[in-house]
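Next come the structures, one after another.
In what comes next, chain A is part of two complexes: it sits with chain B in the first one and with chain C in the second one.
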Partner chain A sequence: MIVGDLSIDDWQHRMTRGVVVRIGPFTVRMTVRLREVADAMYLLYRDYPIQPEPIVLDFDVAALPISWWGRGPRMAALYFDGVRKFDPIEREQALPMFQWLLNWCIFTHPHQYLILHSAVVARDDMAAVLPGMPGAGKSTLCTALVHGGGWRLLSDEVALVTPSTGLITPAPLPIGLKEESIPVIAATYPHARMGPSVRGTRKGTVVHIATPASSMAAASEAGGGQAQPRWIIFPEYHAGARVQLEPAPRANAFMTIAADAFNYSLLGATGYETLANVVDACHCFNLQYSQLDDAIAVFDQLASQASSAASSSAGSLTGSPTGSGDAPHSTSRGRP
Partner chain B sequence: MSSPATTAPVRWRVACPGDLRGRSWDGVSVVHHVPSGDTQLLNALAAATLQRIAAGAIGVEALVEAACKDQPAQPRADIDRQVRTLLAELADVGIIEPDA
Partner chain C sequence: MNNPRHLLLQVLRDPRRMSQLDAPACNELLRQARMSKLVARLGYLAQDVGILDAIPPKMAEQMLAARAVSDQHARIVGWEVNRIGKALAGVDTPVVLLKGAAYLLAGMDVARGRLVTDVDILVPADRLGQVESALVAHGWESMKVDPYDQRYYRAWMHELPPMQHTQRHSVLDVHHTILPVTGRLSPDPQLLLAAARTINPTHDAYLALDTQLKQSQPAIQVLAPADMVIHAAVHMFQDGELAGAVRDLADIAAMVHQFDGDASFWERLVPRAEALGLQRPLYYALASAVELLGTEVPESVMRTLGPARPIWPLRRLMALLVARALVPQPTLRNDLAASTARLALYIRSHWLRMPPGMLARHLYEKAIRRWRSEPET
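Now for the complex of A and B:
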């Protein structure tokens, strides 16, 4: 059963008591007693599987109103595992803050993975990891790729890398867009389900875009929709710039990603080896773009080249890119 | 008056060889020191120097000599300074130590 199988009335009713939803490998009980937030989530989570009450919950999160009879804005509180977390929030901002709480759960808990701060999209089982500083256009590009480019969303915020396999596990949440990117995406991809616009957040005006049904379906397949990292691409939006894809030094890519990862230091040598294996398996690029269609074309070309190489070189998907025939870099591995 | 131990040329060794991990891409190395959790980006000279120390205890002069052979176009004084600076930094973070 998925959320969309419920009527909105049933969904609202269940949300007041807690609904267990599957987000990638995680079982999450979400309790929301803010009707406007529950309504928006019905739209944004329509394709997410609903689970029967499990024995083990990964995360138990809630957004509840705070009783308030005085002047000033109505407030709400966020809870994690039954404990109130963070400062009270204005109720109008409860939706983005609740989404942030869900991201926070994934950023800070599942240390069986190396958790990289990066969007991840995939074509078939080949993943592109998109680290990016705030403002680089990572979420906008990610939205374009999954709603207009035939790529599937693994996550807009995290790459969950399994140390023993090097594979990335999907944990898709609705993509958060802010400010200028909102009208661009609304106009370019009108079929994308968009939640309500929320003004006055720390990031300005934000909206969330629903994860495409195709991405959710892939995540529900056997193997959980895991993908092999093939490309690390640092996107950077520059107004008016021509699209440009340039090789990025791998060692620098390693250091940049490690510095921004959520648990690289915590995992110690395992974190190092896991990230080194990811970098080993990937071509690294800097991508400058202004037009989403141009950027999508670049991604499509990379996927096409990799598929061609894979068909002419069996096993290249899981090997070093130097063996795939389309590598722009040379790679060596050594112990100093 | 200095003791014999301080006047003897210092030879360097890797503190715990099993605790050092490294990968190289395009001549640049990323080294991870397990006990400290530090990850260092090393250029070609630094990586080669660390590799020589990892191969067995070695003195500064021998390291400079080898680095000069790697990079004949660079003035020896520059290489000498770079190697000594590198050794001090690696010793500071506990990756190398004087060979007793």
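Now for the complex of A and C:
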């Protein structure tokens, strides 16, 4: 069953008591007693599977109103494990803050993965890793690839790499867009479902975009939809620039990604080896662009080159010691 | 004890129970363990009794993920002790590791899966000045710049104001005794220092120290077994906040279990507590470990501690408060009894720290400063 199978009233009612939604490999119980937030999430999470309880949870989160007996600004509080997390927030900010709480859960807990800070999209089982330099237009490009380029979303924020296999597990959350990219995406991809726009957040005006059903299908099963990293692409938006794809030195790519990762040093030698395998398995590029269509064309070309190379001689394009061919495909989770 | 609120205690008492839990119980256990920083420890306990494959995979996975964190802490602490040894190479002083760093460098069972956020060391009071300057010369600095805080620590506490390394940001507490000098109990730190034993750490990160330095660095020591248990008891029942302190009790139980094979440990324990004047906290620690975690303590030990017990109503009250407040409960599940117990234990911990007049002055000063700093934020 997916969220969209419920009526909105049923969803509202269930959210007040807690409903378990699967986000990639994670079972997340969400309790939301803020009607407008639950409404927005009905739209944003329409294609996410609902898990019947009882089930062992990864995260238990909540967003609840704070009552001042009807006085003062309307506030809300966020909870993790039933304990209040972060300072109370203005109720208008609750939707983006709750999305951020979900991201925070994934950033800080699942150390069975090497957790890199980057967007990840895939064509078939070939993944492109887009490291998250702020302001580089990672989310905008990611949205374009997913809604206009036939790529599936693994995540807008994290690459979850399994150390034993080098594969990336999808855990997509609705992509957050900010400021000037909002009208661009709205105009270019009118079929992308957008949540309400929230003004005055730390990042200015923010809008979330529903994860498309096509990205959810593979990610919905536990351990499903994994992809082999094939490209590391550092996107850089430059107004008016012509699209340009240049090879990037691997050592630099390694260092940049390591410095920005969530648990690279926490995993010690495992972190180093896992990231080295990812970088070894990938072609590394800097991508400069101003037009989203041009950027999509570059990605499509990379993908078609890789598939034709794979059909003639497997893995020769990547020259990779950790190509998907010889990597064991069982996950560390040991689940069917 | 069958209350789901005590699930964590039940599982620490009998780790095999983990393989019989349904999903809601697993969630409750993981929640209690996360709040008590015991998720990785549970993973080791499950492994020890051979049920890591028999518990729900999602629970096992979270336990192994938490192990990555405790492994990192172990690496960091091993290296910190290495650096502290280097910094103090020119100072003629023993360096006695306390608590987490000691368990880890001495290779004790209790260190497995344990999170260690700061390093605690004990040095003789008359070496404090030299130790502090040597640490400052090697990049540590005091975290408390406020003159009131400085005076509070230096005049009343059992340690220097916490120090932090400017580059590695690790926190180091330098103790000269194990309880605030203003408190009701004042054990003689000379006794602890004299009985401390030198260890030969085999820890990887520690061994990174080059051999030349090793010649001149001070001996790395840990407390004698009985003193270790007594210090943990003091830390839990005399100095710290009891609320949510399952981890502290689990530490005590694990140490007692490890030292249990050594007959002289039990022979020495109570006389040692008497020599240090710390029978009361030791009594509370052992009685709680017996009652809540099923720790085996020889009848004779509890009998000799008999005179140290508080009178019956106090004893009952304390046992009730500890049982209520030990396992952390979510704020969403408002429980008046548990929060009252926590408040009572909080007041008790401050009561034990300093005489009433001094406590009033301290709280007044804190309140003034909070009020003054408010307009700025």
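Operating definition for what follows: the second predicted complex is superposed on the first by the 306 of 336 C-alpha atoms of A that agree within 3 Å, B and C clash if a C-alpha of one lies under 4 Å from a C-alpha of the other, contacts with A are read in each partner's own complex, and residues count from 1 in each chain.
One rule holds for everything that comes next: contacts are C-beta pairs under 8 Å (C-beta built on N, C-alpha and C of every residue); 3 or more make two chains touch, one makes a residue touch a chain.
From a predicted model like this one, the values you see are computed outputs, not experimental measurements.
Using the contact criterion defined above for the overlaid structures, shared-chain residue A:252 touches chain B, although it does not reach chain C. By the touch criterion stated above, A:84 is placed in contact with chain C alone, chain B being left untouched. With both structures placed on the common chain, the touch criterion links A:1 to neither chain B nor chain C. In the overlay built on the shared chain, the residue A:239 is in contact with neither chain B nor chain C. Within the superposed three-chain model, A:187 lies out of touch with both chain B and chain C [touch as defined at top]. Which of chain B and chain C touches more residues of chain A: that partner is C. When the two complexes are overlaid on their common chain A, residue A:110 makes contact with chain C while staying clear of chain B.
Of the two partner chains, both chain B and chain C are touched by A:268. By the touch criterion defined above, A:57 lies against chain C but remains apart from chain B after alignment on the C-alpha atoms of chain A. The interface of chain A with chain B overlaps its interface with chain C at residues 265, 268, 332-335.
Looking at the complex, you find that chain A touches chain B at residues 249-252, 254-255, 258, 265, 268-269, 272-273, 276, 279-280, 329-336. Interface of chain C with chain A (complex): residues 22-24, 26-27, 30-31, 34-35, 56-59, 61-62, 64-66, 68-69, 71-72, 75, 330-333.
By the touch criterion given at the top, residues 20-26, 28-32, 34, 37, 39, 41-42, 47-48, 50-51, 54 of chain B touch chain A in their complex. Put simply, chain A touches chain C in their complex at residues 27, 53-58, 60, 62, 64, 79, 81-84, 109-112, 263, 265-268, 270, 332-335.
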